[in-house]
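Below you'll find the structures, each written out as structure tokens.
The following pair of complexes shares a single chain, chain A, combined with chain B in the former and chain C in the latter.
Take a look at the complex of A and B:
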């Protein structure tokens, strides 16, 4: 399953709850303010290893954090986002 | 300008693009700068992301307003405080922030940093010591 997180992990618990409940073989894509969950050395970095985490490259670039992304988090563009949505077994948004 | 000079504190706690708070705050600060008051800006919680360097909105279609923060020094807005706890929680340091500066007219126009990294105790004093607190 593909999980979508679009809120900052420091303001809402969407990311933390998502990582707590997502299956280990699922993919989590971070978009909009959700990309802040991918920061290297942050208080929520430990949750990143609980599933495959990717982040939307345009939202990462907008926020100036391309150089601050934790190891293991891949960046995907809009086309890659669409592929993840269409390839997977369903989508859940953690709004 | 006649009248009492008050200490204004703008508290910025929101990330720059998810909501309109950051942009609105910046516009109010720039407008308010025309009124000869003692202005301080505080960035804390997700607000520290507002002055993250390297913001590039080309691929996202968003409006990149971060260069405007560089103009604050020219408007005599040169007391910019950033929460150390908020930076730490986000894995950031002062090196991750835009180098906001001003020219000190009392020191032969030497270029100086406007940014001061502050503790929770110092933030408490800032809030207590302000006549007007505006929250965004």
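Take a look at the complex of A and C:
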């Protein structure tokens, strides 16, 4: 299962809700302001270990935080995003 | 794989119309079939032809229209959301007594049934927006 989070965890609680519901073997992709959840040392960093978390590289770059991403969070491009959507057994957007 | 996309957010609002556009392009590049793009809530504002963004900025509405032409995409605008926000085609202008239309080439106005049908006929429905 792929979960998509597009809002900052400091604006809405969609990331936190998602991480509390996502199965351990699911993948969470952070896009748009959602990439702020991948910041190293943030208040929500502990949630990142609850599932596999990746972040959209272009949205990370647009916000200038490439050098400050938590360990274990991989970056993917749009082609990788599409693969994650098609590889799993479903997709859920936490809008 | 058959993929449909739902967009709930207007152009230039946050980023979701751009995200959806880039996702659809990447999916098409990989050979996937985009069954339908459904514009809901403020997302219907992606379907006006009367916007004039600065020339050095992207034209979100035109970009969808061009992609639709290139790949024969089915761009559907929710009728109830469109009526509330003044997105009008010939049929809606006549039905509601309006003196103008503003729908962008490549879009058409239809009902929520089109979203349900897209979800049923696609392997994935990806939602972008607020």
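Methods note: the second predicted complex is superposed on the first by the 95 of 95 C-alpha atoms of A that agree within 3 Å, B and C clash if a C-alpha of one lies under 4 Å from a C-alpha of the other, contacts with A are read in each partner's own complex, and residues count from 1 in each chain.
Please note the rule applied: a residue touches a chain if its C-beta (ideal position, glycine included) is under 8 Å from a C-beta of that chain, and two chains touch if they have at least 3 such contacts.
Keep in mind it's a predicted model, so treat the numbers as computed, not measured.
After overlaying the two complexes on the shared chain, residue contacts for A:11 are found with chain B alone; chain C is out of touch.
Using the contact criterion defined above for the overlaid structures, shared-chain residue A:63 touches chain B, although it does not reach chain C.
Chain A has more of its residues touched by B than by the other of chain B and chain C. With both structures placed on the common chain, the touch criterion links A:85 to chain C but leaves chain B unconnected. Residue contacts after overlaying the shared chain place A:33 against chain B and chain C alike. Contacts of A:41 after superposition on the shared chain: chain B is touched, whereas chain C is not. Shared interface residues of chain A (contacting chain B in one complex, chain C in the other): 32-33, 58-59, 77.
Partner chain B is touched in their complex by these residues of chain A: 7-8, 10-11, 32-33, 36, 39-43, 45, 57-59, 61-68, 77. Listed in rising order, the residues of chain B touching chain A in the complex are 15-18, 45-46, 49, 52-60, 62, 64, 66, 89-92, 96.
Interface of chain C with chain A (complex): residues 1, 3, 8, 14-16, 19, 22-23, 25-27, 29-30, 32, 123-130. Looking at the complex, you find that chain A touches chain C at residues 4, 6, 31-33, 58-59, 77-79, 81-83, 85-86, 90-91, 93, 95.
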